Amino acid sequence: MSEHQNIELSTQRIEAFSDGVFAIAITLLILEIRVPPLHGAGESKSLTSALLELWPSYFAYVLSFVMIGIYWANHHYLFRFFNRTDHIFNLLNVFFLMCISFLPFPTAVLGEYITDPDNQRTATTLYALGLLLPAFSWLLVWLYASRHNRLIDTRLDPSFVKFLTRQFMLSNGLYLGAFLASLLSTGVSLAICVGLTLLYLLPPKKPIYRESQL
Amino acid sequence: MSEHQNIELSTQRIEAFSDGVFAIAITLLILEIRVPPLHGAGESKSLTSALLELWPSYFAYVLSFVMIGIYWANHHYLFRFFNRTDHIFNLLNVFFLMCISFLPFPTAVLGEYITDPDNQRTATTLYALGLLLPAFSWLLVWLYASRHNRLIDTRLDPSFVKFLTRQFMLSNGLYLGAFLASLLSTGVSLAICVGLTLLYLLPPKKPIYRESQL
Amino acid sequence: MSEHQNIELSTQRIEAFSDGVFAIAITLLILEIRVPPLHGAGESKSLTSALLELWPSYFAYVLSFVMIGIYWANHHYLFRFFNRTDHIFNLLNVFFLMCISFLPFPTAVLGEYITDPDNQRTATTLYALGLLLPAFSWLLVWLYASRHNRLIDTRLDPSFVKFLTRQFMLSNGLYLGAFLASLLSTGVSLAICVGLTLLYLLPPKKPIYRESQL
Amino acid sequence: MSEHQNIELSTQRIEAFSDGVFAIAITLLILEIRVPPLHGAGESKSLTSALLELWPSYFAYVLSFVMIGIYWANHHYLFRFFNRTDHIFNLLNVFFLMCISFLPFPTAVLGEYITDPDNQRTATTLYALGLLLPAFSWLLVWLYASRHNRLIDTRLDPSFVKFLTRQFMLSNGLYLGAFLASLLSTGVSLAICVGLTLLYLLPPKKPIYRESQL
């Protein structure tokens, strides 16, 4: 009986738990769109206009849904390169899941305040932070795993590992850019967020294996 | 090691994730039925009458629960004909799940406003749209998969594939009809929605395989 | 390739989906206990007393949690006797899950109104109905499956099948009794509900197989 | 066919169900952080200050997320030592899950009232109780299983079993300490809770097997 198997969770267990969190976080997003009340503060409006005024919530719902969906696909894509886990890897993955689970909150704030001229900048800053956090925590998971031969599939070509590291660092840089841009302009910041999401819709690069493995 | 396996999610993974989203979306529906407050706006009523007045919410709960349940069963029924996945297939499936996850919102709006003469038409329009969206996104998944021999089980008889394509197109037409009818009449639109749901309760057609496969 | 396998969901698939719904419904119960506001309607109270006043919600939480937990265990216990499924079986199981998913609502209503003298009877009636519905829909699942040799494990001794049928019918009778009692007395009705739950905590009867199977 | 297999749930089934509850409870935590309203009770504030004032909610979110994540990891770590289950074991595990699922409520109360001088003590008491309950119910699961040779892996060295028993009892003592301390001082109580959480982040002890097993 291997010494390590006894204190480590298998990657399969972690994937199943992570899948559960992804599926729940992505489905909870709809709860943040509430049925609009029509009578309040002395005014009354039609349901049609109330529903149309919720467009920022629909926009935020779609954007966050796609983001979590992409992270789910990437999580699977990358977990196949991990052979085993250790305690720190598990903790970093829990930290990553904590950031994914947090996303419904900035999504709801963005949906509520993006059309409020006084507060749209703050709402955008929070949302950009909400996207930066999963990117950052994922980078930590990746850096930790890829530096430990024990954890990662050693058949992978080093150039491919470097490519992914650079890609994740670039993502962090761009989300940091969106975060900083939000302090100046709501539009630029959101454009970066939407642009990055569209970029992530492209298919992931095929893995490259060391020649001796072929 | 197959080139494709390395960048594609297995159909099993996608089914497990989709199952999670189905199970969560179907169970979240109940959260949209809130405990009725009895004292508000200067009036007071009994819990009995308050609970009875929630009948539209119960109706919407049952209708949406059955709809999601049917989509779950159909998703399984059809995924067994898919041999593999590719990136675009995955994205279309995420889009389909986004439409399923959206359903609790139109359900809640319908439950709230179906008895409000001024707004019942809008609530019905949104609900018909909420049913049209999963039907439409599912049609996209199906059309994409069935046109690519690489994805679909090639042993299926072309007549069976055509039968399903026609069936999904007809569904879309009928939900579009319910959507358009809602602009004129709440009753007709809801009758189409309920009728289609009852129709879907019929067992699915047995698959037909090419003769050479028998 | 079997004709039936192609249009039927395996019992394993249905169990996995049902498990998801059980796990979600049981965990959603806590959402119905809201953080108590301390300042409202011109009065102010301490958090301690506000939390203590929530005791009916804690009571309802525990009762419903245990009920769903028991149904989950029973669902597994009984699904091992089912060999296969058919379309009507699936629909009945979805109906059963709809009744399980509904339970958070009566639970919340009971927690809110059980201490309100004017409305406690109605709240109890709804709760007893909320417990009767899963018992009734489960009886339908069982009756349908146990009458069709194709679905149930034919090695089971008929006396054992009859025992279970009688047990489920008795449960229905008792919940119906709790429902009717609630029209007269809140206390008697809740006592039946609590008593039945305690009874269900007893271990299930060991299955009996036909002698020829030993 | 084993007599016991027929009335017992496999540990695998229980683990899968427990995983579902863990994943849902951990993801629901975010729902307790609500979008802050800016206009209320005659005052108006900026979104920035409203979001910053929510720091207790973020703190409580992180603490509870890490706690549930640790319990999930420990649950897996320990379930591998269980060979089988029995009815009482199942009931105790459901009781444990009930305590885990309860955690979002004390978390929300702590986030709401930790900065309210009149009520922070009560909020902390409830939170310490919310952490004590899972520790206590887990101790019950462990004591029951470890005293029954039928349930636990008999290859484990008795000294290792005793070590775990002592560790769980110590946890209970410390959470009880945090509970009692909260009656006197909010700070001391929360410090114990945070300190224990940090302690749990350490890797679990490697299991020790009887020498004859090597």
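Read from first to last, the chains carry the letters A, B, C and D; within each, the first residue is number 1.
Assume a residue touches a chain if its C-beta (ideal position, glycine included) is under 8 Å from a C-beta of that chain, and two chains touch if they have at least 3 such contacts.
Since the model is a prediction, treat every value here as computed from it, not as a measurement.
> Counting only C-alpha atoms to place each centre, which chain is farthest from subunit A?
C
> Do subunit B and subunit C, two copies of one chain sequence, contact each other through the same residue numbers, with over half in common, or through different ones?
Different residues, largely: of all residue numbers at this interface, under half are found in both copies.
> Calculate how many whole Å lie between the centre of subunit A and the centre of subunit C, each centre taken as the average of the chain's C-alpha atoms.
Between these chains, centre-to-centre, one finds 37 Å.
> So what's the Cα centroid distance for subunit C and subunit D, whole Å?
Averaging C-alpha atoms per chain gives centres 26 Å apart.
> Could you pull out the residues of subunit B that touch at least 2 other chains?
20, 24, 28, 31
> Chain adjacency by touch: line, ring, star, complete or other shape?
Topology of the interface graph: a ring, with each chain touching two neighbours.
> Tell me, which parts of subunit C touch subunit B in their complex?
Going by the criterion above, the answer is residues 1, 3, 6-7, 9, 13, 16-17, 20-21, 24-25, 28, 31-32, 87, 90-91, 94, 97-98, 101-102, 104-105, 108-109, 112-113, 116, 118-119, 122-123, 126.
> Could you pull out which subunit C residues touch subunit D in their complex?
19-20, 22-24, 26-31, 33, 35, 38, 46-48, 51, 61-62, 65-66, 69, 72-73, 76-77, 80, 201, 203-207, 209
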